[in-house]
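Letters A, B, C and D mark the chains as written, and numbering starts fresh at 1 in each.
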Amino acid sequence: MSKNPDGKQIKVGILGATGTVGQRFVTLLAKHPWFTIHVLGASSRSAGKPYTLAVMWKQTTPIPSVVRDMIVRECHPKHFAECAVIFSGLDADAAGDIESAFRSADLAIFSNAKNYRRDPSVPLIQQALQNPPLKKGFIVTNANCSTTGYVIPLRALEKAFGPIESCLVTTMQAISGAGYPGVPGLDIIDNVVPYIGGEEEKMEWETLKILGGIADGDDGVKTFDMHARHPLRVSASCNRVPVIDGHTMCVSVRFQQKPPPSPQQVREALVAYTPEAQSIGCPSVPVHAIFVHEEPDRPQPRLDRYYQDGAGVSVGRVRQCPVLDIKFVVLANNVSIGAATSSIINAELAVLKGVVKVE
Amino acid sequence: MSKNPDGKQIKVGILGATGTVGQRFVTLLAKHPWFTIHVLGASSRSAGKPYTLAVMWKQTTPIPSVVRDMIVRECHPKHFAECAVIFSGLDADAAGDIESAFRSADLAIFSNAKNYRRDPSVPLIQQALQNPPLKKGFIVTNANCSTTGYVIPLRALEKAFGPIESCLVTTMQAISGAGYPGVPGLDIIDNVVPYIGGEEEKMEWETLKILGGIADGDDGVKTFDMHARHPLRVSASCNRVPVIDGHTMCVSVRFQQKPPPSPQQVREALVAYTPEAQSIGCPSVPVHAIFVHEEPDRPQPRLDRYYQDGAGVSVGRVRQCPVLDIKFVVLANNVSIGAATSSIINAELAVLKGVVKVE
Amino acid sequence: MSKNPDGKQIKVGILGATGTVGQRFVTLLAKHPWFTIHVLGASSRSAGKPYTLAVMWKQTTPIPSVVRDMIVRECHPKHFAECAVIFSGLDADAAGDIESAFRSADLAIFSNAKNYRRDPSVPLIQQALQNPPLKKGFIVTNANCSTTGYVIPLRALEKAFGPIESCLVTTMQAISGAGYPGVPGLDIIDNVVPYIGGEEEKMEWETLKILGGIADGDDGVKTFDMHARHPLRVSASCNRVPVIDGHTMCVSVRFQQKPPPSPQQVREALVAYTPEAQSIGCPSVPVHAIFVHEEPDRPQPRLDRYYQDGAGVSVGRVRQCPVLDIKFVVLANNVSIGAATSSIINAELAVLKGVVKVE
Amino acid sequence: MSKNPDGKQIKVGILGATGTVGQRFVTLLAKHPWFTIHVLGASSRSAGKPYTLAVMWKQTTPIPSVVRDMIVRECHPKHFAECAVIFSGLDADAAGDIESAFRSADLAIFSNAKNYRRDPSVPLIQQALQNPPLKKGFIVTNANCSTTGYVIPLRALEKAFGPIESCLVTTMQAISGAGYPGVPGLDIIDNVVPYIGGEEEKMEWETLKILGGIADGDDGVKTFDMHARHPLRVSASCNRVPVIDGHTMCVSVRFQQKPPPSPQQVREALVAYTPEAQSIGCPSVPVHAIFVHEEPDRPQPRLDRYYQDGAGVSVGRVRQCPVLDIKFVVLANNVSIGAATSSIINAELAVLKGVVKVE
């Protein structure tokens, strides 16, 4: 089992612990090599109850015994003062105020909520974590569950071949991406809904922030450059399909580099990609950050979404695109690498880089 | 009810009458204003039996009474000599020889099989029907069920705004497109299969043939020009989704015309589009060849696929594409306009234009 | 087209017209031979708006033109005074007060809500409509959508073979039975939920009320006898399955008559059954009140639920039961004969029997 | 990890190793504490190829590395001579001859095929394994995947309360029970098929053989008594539903004992049940052979089928049955305890009881 730098257990709290993402945090953190669940936070309706009674458990494994009888607390910073790391699975309507209050209380929040993603002081997933330097009391957010999955191969391609000029992505997204109760069965069985409110806009700008890196401002202050030095155009079309877990995406890209890389070169670059979180030793990053399938009909959500516990992404069908340069299929488990696992890797990276202090 | 030019019933035959597409032909032709089902053809295993016993009926309406007791024949031209029109729902492995034999016997075949689509003497759906002149004894094929749906709006756009320069389409196709038994339930429930063998290639070249029109060859012989005068690049990504009927497609296009039309201009052009088959009076063409939805989340296969008996196509979400010019969603009922209905319209057009002689 | 006794159009109102059942009432009544939609009632949130803007339409056919611009009213009796018949698709939490107020205003309500089903003065579907005599101002309710479907063949069997002694029914119910949004997609895709709150109890006692007929009380007042003269035990197990429309039920019955009828006798009795509503000429009763399938694998919801517009029930697989006497499969379209169609037939019967006065 | 009696690895072979059940055997045996996969057998089409190329792998975990390059053999006894145990996942059309040949070659076959289930010398699952004594060279078969799941609680009830007099079971079976390709997607999405050929008969007689135990014949030969001493009537109604894995069953039972046990007594008896295979230490039997749910809406296949790796069965909703005595819901994972896992437990039991000799 991996060891954290200081070799001791790190106390963590979970905000929104009874919700869909919160349940996933609980499941993953209960078996984490470094992190120990210390506080579970939820709404005042749940506060005061043992977790087993407060939660409507919807995971396919039973409630971990370590939290079964833990008393749920309200989401107030005073209950979380001993936690070196706070994970937030709060809904957007609650996350704004609560996460802000926690940040003001000098706590380190790793959030799955969308509220602070556009905040210029808030990094979006690990690529952006190193700089600008984070003050004590900060928020690191996940990207949208569809964005996270496909920027990982895009990042690998930019690392190998330089800037991407344009990217067209069509998603076929699982219903778990909409939370619970989420999408009514009547709307999705035997159906496709070719619209997810706000999703296309999120994919289009989040990609720029994540891939853009850090720019030096005129005043010496570092900022996110939104891929401005190498303007990147992104067009997303988002669809909901009758799949429980796992977002499938058809991606076409055009590179600035001419001639563009061949499909074989792209395949090799994806296989070779090692994210910093992997090389530095984050325990939740899998062996294959990107798994490249050779079979013609993979990846498929039902067969591939739980491989490596859903912490990697799968890519297949890398081939020429007659309109742009290269096209391929990406599968990402939206509830793992697209949500809770992503936050956990962010926190592991923050620990290893000393951004979070372990006492 | 529409009247055909000569006001009399036209005898038709159906090849492959017990198969999935054949059943659809039977259902539609049993209530057709001009055509009368005269012969049902199927394999030797079925020949000699009454239709009711030969068929494993899978439609949601009962077997039409007019064919219940009709004795199924082998697919030999001698049984079909009195038929002015032959519809073929044969599988590809049978269609090659049988359709060729029927053509040699001076019969007019309107086929849903893929075998002769690339034949330079064979028109692909109605756009290409007028020329080059067809000799007595000919085949007119449908395009692939995914192609037919999305070329109708492309055709409308080219008519209004001139040549399209490139088109990127991602499909989410219903399982009925694979016939019966087709896609195993184990492969498709709670899943997406991001691959359909040969489908992307078909969409990419069929689009060129259908939209390309007729060219004058050096030797005075007219040929299909495969959109060669205005080279069009098409990139298709084809996916199978857990939907019974109705192919949903996300389409992005770039026009040659600069500046390109606005989304509103595109919407208006789609609404205004009247295909020749409609203006000339083919009874199976619906009032709205293209129905344009204003709601943000339409078209959806389960709600919109049976509108107008599936004979039109639905378009929605017309908007700017940050990479190409315009993007939108298309829904086409693959078993109606994508298959049997398309052949029937081709035949109606052939009757009205005198290509098929009604005695 | 059928004629009502007085040959004139009958004005009807619809309560809860924007809901799932209300939309179904609108769809059916817009093409009804006798009834004319005169008023649409909904909540104060919808009141004052044209129907097109008030409703989130979920039917597979477009909103009927006759109601598109009709202004929705609040559910107050004063707006419905001219209506000879009121159909109610209200939710249970609204139906109690509103239907009571309408009854007090001497209106005739045909309701799909569950609130007054147990009321001793309220008949449950048409079998019970004739007696006890209804005063001016009354409510007739539908049974639960699962009950209605299977009591029709039970009624036919009791008519042919005398009292049933016990009945064990296991249902596989469509999600549309739970209304909209109803069952979350996350709960039902690739799943069965073996529990529907209150459903088993409803099936168990409603069956007794519907089949029980009318008893003479000691004081000369007629009451529903709840099958008390021939005690009938019913055991229901209710399951939700991933089906959009159509409840499938496996039914086993034991007869009081010894020896019990054979499967063939049961089949013949079901085919021969003509409910009073059919013999008296209700236009919404189909030709086959019960359609008996001979194929071994029918009825199936996807193939058979829309036959005869969903107004009949399908029965198949009539065979010996090794534990009770006879077992068979029933399919009933829960949104048609199980809901709106049932109310409409009740109202047609009330008109034909003079219970509702047509002015 | 459990130790087998002799503490050494036991070589096993798998017949039909490339099929659906065979893949499941491979997955489970690759991590088994006692058994080592020694030979993989398949049809002559696959023989000679490395397993990776011979198989169309459909599991959600990758092919175990230990078998990836193993060369597949034909199903001939000579290749399996060193195997102490042979598992058979053969299809019924191949199993008859091959299993017979293996038995004649003095091999011990644990089969999932149906061919020899009725054979009076062949035990059906572990309950019947001890007697009559098996000669060297024998077949032990699984029961049908639906039978296995529900006889486990029936067995527990008979152990606690004496003979069951009658049992009525309605199944909602997963499509994986039909193998691959199995049920076409077109037949099962948004549908229920109320018929599975031969399944009801299998459940009805297999139950008698499994629960019946061993009888002394007049000639001193022990035979299976088919529950003849306590005649048990079973009525099964089998349905296919759109679920990938996991058979859900609604069961009603009547006991011979009067008064019958209460629901609470039944619950306690199910929880307390320890099958012999568990008490004797078979490593594949889970802690909870029967897990009893207290929540009103469980078990559900999607949430509960993989609990304990699918090796236990789940029971819920234990309650009074108004027609028989007690009713409840059973969930059993048809591909685990209903198929491969059941054979493996049979083999473990045979090892521990010395029926299979470990050299």
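For this structure, a couple of remarks:
Everything below uses one rule, namely that a contact is a pair of C-beta atoms (placed from the backbone, for glycine too) under 8 Å apart; a residue touches a chain by one contact, two chains touch by 3 or more.
What you see is a predicted model; the values in this text were computed from it and never measured.
Chains that touch both chain C and chain D are the following: A, B.
In this structure, the chain pairs A-B and A-D differ in their number of contacting C-beta pairs, and the larger number is found at A-B.
Note: centroid distance chain A to chain C, computed from Cα atoms, is 49 Å. For the pair chain A and chain D, the distance between mean C-alpha positions equals 41 Å. Each chain gets a centre from the mean of its Cα atoms; for chain A and chain B, those two points are 43 Å apart. The set of chain D residues touching two or more other chains comprises 58, 189-190, 242-244, 302-303. Across the interface of their complex, chain A is touched by residues 58-62, 189-190, 244, 302-304, 306-307 of chain D.
On the chain C side of its complex with chain D, the touching residues are 166-168, 170, 172, 189-195, 197, 204, 233-235, 237, 239, 241-244, 248, 250, 252, 296-303, 316-317, 321-324, 327, 329.
Of all residues in chain A, only 58, 175-176, 180-190, 242-244 touch chain C in the complex they form.
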